[in-house]
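Same chain, two partners: chain A is paired with chain B first, then with chain C.
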Partner chain A sequence: MTATPTIIESVKPPTEAPADTANAAAHNADSPLLEVEDLAVSFATVDKKWKTTVEGVSFSVGQGEILGIVGESGCGKSVTSFSIPRLHDERTTRYEGRITFDGRDMLSLDQASLRALRGEDIGFIFQNPMSSLDPLMRIGRQLEETVRVHHKNLAKGEVRSRCIDALKEAGADKPELWMGKYPYQMSGGQLQRVVIAMALVNKPKLLIADEPTTALDVTIQAQLLRVLRSLRDRLGMSIILITHDMGVVAQMCDRVAVMYLGQVVETAPVRELFAHPSHPYTKGLLSATPPLSGPRPERLATIEGSVPQLSEVPDGCRFASRCPFATGECRTGKVAMRQVGQAHSIRCARFREVHDLPFQAAQKKHDAAAAAGADDSTGKEA
Partner chain B sequence: MIRYIVKRLLSAIPIVLIVGIIAFSLSHLSGGDPARVIVGNDATEEQVEAVRQSMGLDQPVMAQLWTWFVNLLHGDLGYSYIMNMPVSEAISSHILPTLSIAVLGEIIALLIAIPLGVYAAGRHGRAADKAVLGFATLTGSLPSFLSGLLLMILFAMQWRLLPASGYISPSKDFGGYLEHLILPSLAVATLQIAVVTRMTRSSMIDQLGSAYIRTTEAKGLPARGRLWRHAFKNASIPIITVVGQSFGELIAGAIVVETVFNVPGVGQLVVNSILRRDYQMIQGVMIFVAFMFIIVNLLTDVLYAVIDPRIRERSF
Partner chain C sequence: MKENDTPRTTDTPASGLPGAARRPEPIVQVNDLCKDYVTRGFTNGASSVFHAVKNVSFELYPRQTYALVGESGSGKSTTGRMVCALERPTSGSASFEGRAYTDDSPALLRKGIRSKIQMVFQDPFSALNPRKTIGNALVEAMEIQRIGSSRADRRDRAVAMLERVGLSSAHMDRFPHQFSGGQLQRVTIARALAVEPRVLILDESVSALDVSVQAQVLNLLQDLKDDLGLSYLFITHDLSVVRFIADRVGVLRHGELVEEDDVASIFRNPRTDYTRRLLDSIPLPDPTDRRLMDGPPQ
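Moving on, here comes the complex of A and B:
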């Protein structure tokens, strides 16, 4: 994992979501700001077939809540996050399920209303700030464009001052100077602040940050995460933070959705998740992350194998091929999400038994058994 | 910006030198005695010798080359004994029709090719895109003399909308000047349309797939703003390159088309000079065309710098 001392030492205990609902406009404050139910996303292949990359994805984000979506590369985190404002190419993408944002059914919105939401109520922060900005346009114009497209009658000076405020909010030290610069004149960290400023310049209700710090070095990572957190704390924005870094999750999020191979496999409040990881994949992820406190183990555990290609998604549980607890029952039929605790569900066929078992011990047994050539019986012994 | 332009101009000097040497050696490599050509077959050996001396042809080659370059630097392209006038005067009296055809052809080509390319890129992979590609292949495989003849048959013979051939000076009758230019310009534009459409399309497809376009989508910009303000500006650098490069082909095309449409341009001048072995004239035209290339290249370089701040900064 990429968690490093800089981040881990600054970890604060995750807080409960604040009851700050100042941002809840016409919308009922009790229901979540964003609700994704049973989302499936399919893309058209070259030979005109539909390939489903993400399915059975459900989660919700409350007012002022930070939801973390974690998982390895290729598990569908980005596909999921792009689906919320429907950023995939409409001609080659098919959405199923339901996405409700601020009382609106996103999947049935027309293009004009979608455009009105993007950049205004939903801000998006992309992974690589170096390529996310138009190289031929000054930062200032790119920011002002974002304001002007949603507020056509605003005076010039007002547009500019909003942009400068947003840059300050994102931690720019010399916002006026930055306005006149071209992207190539700035560093990666500065550019990501610009991208963040662009996402928040219209004070959106929801901020989606797709691995916002992955392309940057660690010291800047910590600074930018602090910026995001303060946006939630002071402005009450809801944030979806996509990351592969469990350290970042612990530091930032209120709730977590763990994804594996296009499915959410576990959702829980962050404390609950770290205290009682229940899905074998989550257990594996956490035992592969250095502990936040206490002595460090000499060797971290790893989850064996790698994420299979989407084209070779197995029947039954998608994690079965890498799971030390897997038995015959895991390899047939669909596995549904099941509740295992307060606001805590997992997608596991053996959820009753697996729940409390430690990952590493199972893995050792599993390895030994595999060596003995009795692959199928290992799960039962564990 | 001035320094940038000066730098570009200085870098053109070796090109002029090389083209100069090639043009110069052409007349010396191609056999035949220029002096004999000038005075004709009936002249005596003494008359030939006299012409040879007056032209400096009796001197060593390097000395001749030197004199030629020195004259060139003074703007003297030489004297055509066959046409009995300075080369520069002959060129300047023939250049306007050629330039008019080339420039008007380029304008027509860009007006058709760029919207087509942008449109095709926006419908990448669909029927409209394929139709545009097919159209580009069609125009790209039509030689300008053939498209010229086809246009002449359709517009001049069948529909009698435009004059079939000839040229009228703009100072005499501007309307007539334009009327006579339309068909030759369309004929030279065909190839250019193919080249520019393809480049616009592929460059736009590249840009539309890039991350910053996704950002503008996430900002809620409407499609038109994305297409022109962001993607097209970024896509324009390779388009400018290809336009600059193929402008030379356009001039070559204009020279051929002039013959088809009987326009008294540089093309006719060149063809006649070659037929008459008027080496001074051929040399002069070669150098002149090289200068035109350099100027077009300079213009494209300046356009790059206007569009892309990174190029501007690197060259200062």
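Moving on, here comes the complex of A and C:
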């Protein structure tokens, strides 16, 4: 850490004061803040081989945009988001593809420049607030440390007031009091606010929130989602929101990337995604969620089976084994992302036929075909 | 949340059978259940009493699903554990088919209520012994309840039960770590059903599952209820699950039952501010209706 101050100055573009952030946002509004192109992440296995977990992941996040990344556990949401500030252990991780953040090529940056970015231009909120806070340190000291690491010469009072402002921003009712508390003295919702405050205390351009509300009650979740929204609305922050909850996506995001087994399988603007879910997995996810309005269904639509282990990624389309629309052509070769609408792409070999077929109808037909011993006639109805 | 929220089952006590005389007896009746925990300070030994559950009463009718909802710390699980006789109430009681059992001795409970009321927990990995095969876990439950005539008979019953929940005989000799979360939750359901209970208490049993697997398990629970004539006490914080599975809903807050109604009425017109607030906090999966974002962030 000794050499960091000078490096920070050389790497960081001159956008210190919060007023400048808005200018910067207006300045390069047409080029996205973050662009991930064809990202693949491999981890070293015990027998010295490389195991690719996430592959062919591309998306971009514009200035002041909220991108949602959705999918079930094991689909690579967290691996992807950890890759942006390169949080994986570099000794056992290999990145391929391209990550461009704010004009910089993230995959070729040295460690010192990365450290200067983390917590300063990129804020991160982890799922479990309890494990991202030091239990033996008062909240205030932990927050102040985050500021000091990046701004060595700031006056004590200024550091403190920035922390208190961040806590207020995160919805703390008594920020001064919170500063003196230890993590164990606070509730889960309060701790998550502290973690949010810590992520935004240096006014980052990009906030990555990995399942920030999953462990919380709905009422607290609603409050924190509003906090995150207001950060975007008032400060122009870009946010990547990782979640498995389609409701959270619908309420919060501008654009959505749906992930399945290490790949993005569908991206679309949020309204388009919910109005015309096109990838069979997205359709399945939406129809498996118990509805909150309309008639109460007798049964829920289900996606057969469960997400396979990453060690047994199938050939061809990764969703084929669970897909009611799948035919022989789905089980071989690589499937590319194809455009099916305005800014709307899916990774499906049968993208032409599949995108306006309802999931349940295909499933019934699929079940019937399976019962009859037939295999190839699935999902042909209109 | 509109009109067609009518309960699926026809024998709903509130609306179903003609005439009050035909109204079925509740299978489980909970009367003024209270649970206090005494907490002592670490250094000075001063004690204070925490009222976890306060005067909770409700009835669970045969073939019905009663959902207990509320935020964490509202006393839902404590109530469930008392109804399952895993926890002794400070006062009040619960009765099964008219007989109060909450003060029974452990031996009496084992002979009586344990085979009638079973529980399925949230985390199947910690609910199963990691060193016991699935088959042995099911057989053990039957041995304790003296169900089945021989070990072979019990194993046959265990296989049948696994098949009933969507697994197969191939799973009998596997260990818990060889299963996914969804499969393992099916195992714990099978184990609970192995002793032929009448009531299942499901404490956040589908909350940890991924959406697609959760849908499978919810469908399974509906089928089992209809086929085996079960009654469920369903404890959850997830209101969309409640709307799908419940007939009647009790809303707990700080240990008190603040509202109780049929599921359709709870969703259509909640009578307390608290229930309304819970309902308003659900993120609707509809990007054209972003009312969740309207409130204050405090």
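Simple rule for what comes next: the second predicted complex is superposed on the first by the 341 of 382 C-alpha atoms of A that agree within 3 Å, B and C clash if a C-alpha of one lies under 4 Å from a C-alpha of the other, contacts with A are read in each partner's own complex, and residues count from 1 in each chain.
Quick note on the criterion: a contact is a pair of C-beta atoms (placed from the backbone, for glycine too) under 8 Å apart; a residue touches a chain by one contact, two chains touch by 3 or more.
The shown structure was predicted, so the numbers you read here are calculated from the model rather than taken from an experiment.
Novice: Between chain B (first) and chain C (second), which, if any, makes contact with A:124: first, second, both or neither?
Specialist: Only chain B; A:124 stays clear of chain C.
Novice: Does the superposition put A:332 against chain B (first), chain C (second), both, or neither?
Specialist: neither
Novice: Figure out whether A:45 sits in contact with chain B (first) or chain C (second), or with both, or with neither.
Specialist: neither
Novice: Check whether A:286 is in contact with chain B, with chain C, with both or with neither, and answer first, second, both or neither.
Specialist: second
Novice: By residue count, which of the two partners contacts chain A more extensively, chain B or chain C?
Specialist: The partner that reaches more residues of chain A in the superposed model: C.
Novice: Between chain B and chain C, whom does A:113 touch in the aligned arrangement: first, second, both, or neither?
Specialist: In the superposition, A:113 touches no partner, neither chain B nor chain C.
Novice: Have a look at where A:87 lands relative to chain B and chain C in the superposition and call it first, second, both or neither.
Specialist: first
Novice: After superposition on the shared chain, which partner residues are touched by A:161: those of chain B (first), chain C (second), both, or neither?
Specialist: neither
Novice: Taking the stated contact definition, name every residue in chain A that is touched by chain B in one complex and by chain C in the other, in rising order.
Specialist: In the superposed arrangement, which is not itself an observed complex, chain A uses no residue for both chain B and chain C.
Novice: For the complex, give me every residue of chain A touching chain B.
Specialist: 85, 87, 115-120, 123-124, 126, 128, 131-137, 145-146, 149-150, 182, 184, 195, 198-199
Novice: Could you please specify the touching residues of chain C with respect to chain A in the complex?
Specialist: Touching chain A from chain C are residues 1-2, 4-6, 8, 71-72, 180, 182-183, 210-216, 218-219, 222, 237, 239-241, 243-244, 267, 277-278, 280-288, 290, 292-293, 295-298.
Novice: Under the definition above, what is the set of chain A residues touching chain C in their complex?
Specialist: Against chain C, chain A makes touches at 72-73, 171, 173, 188, 217-219, 221-227, 229-230, 244-253, 270-271, 273-274, 284-286, 288-303, 306-307.
Novice: Can you check the complex and tell me which residues of chain B touch chain A?
Specialist: Touch residues, chain B against chain A: 210-212, 214-222, 225, 229-230, 233-234, 307-310.
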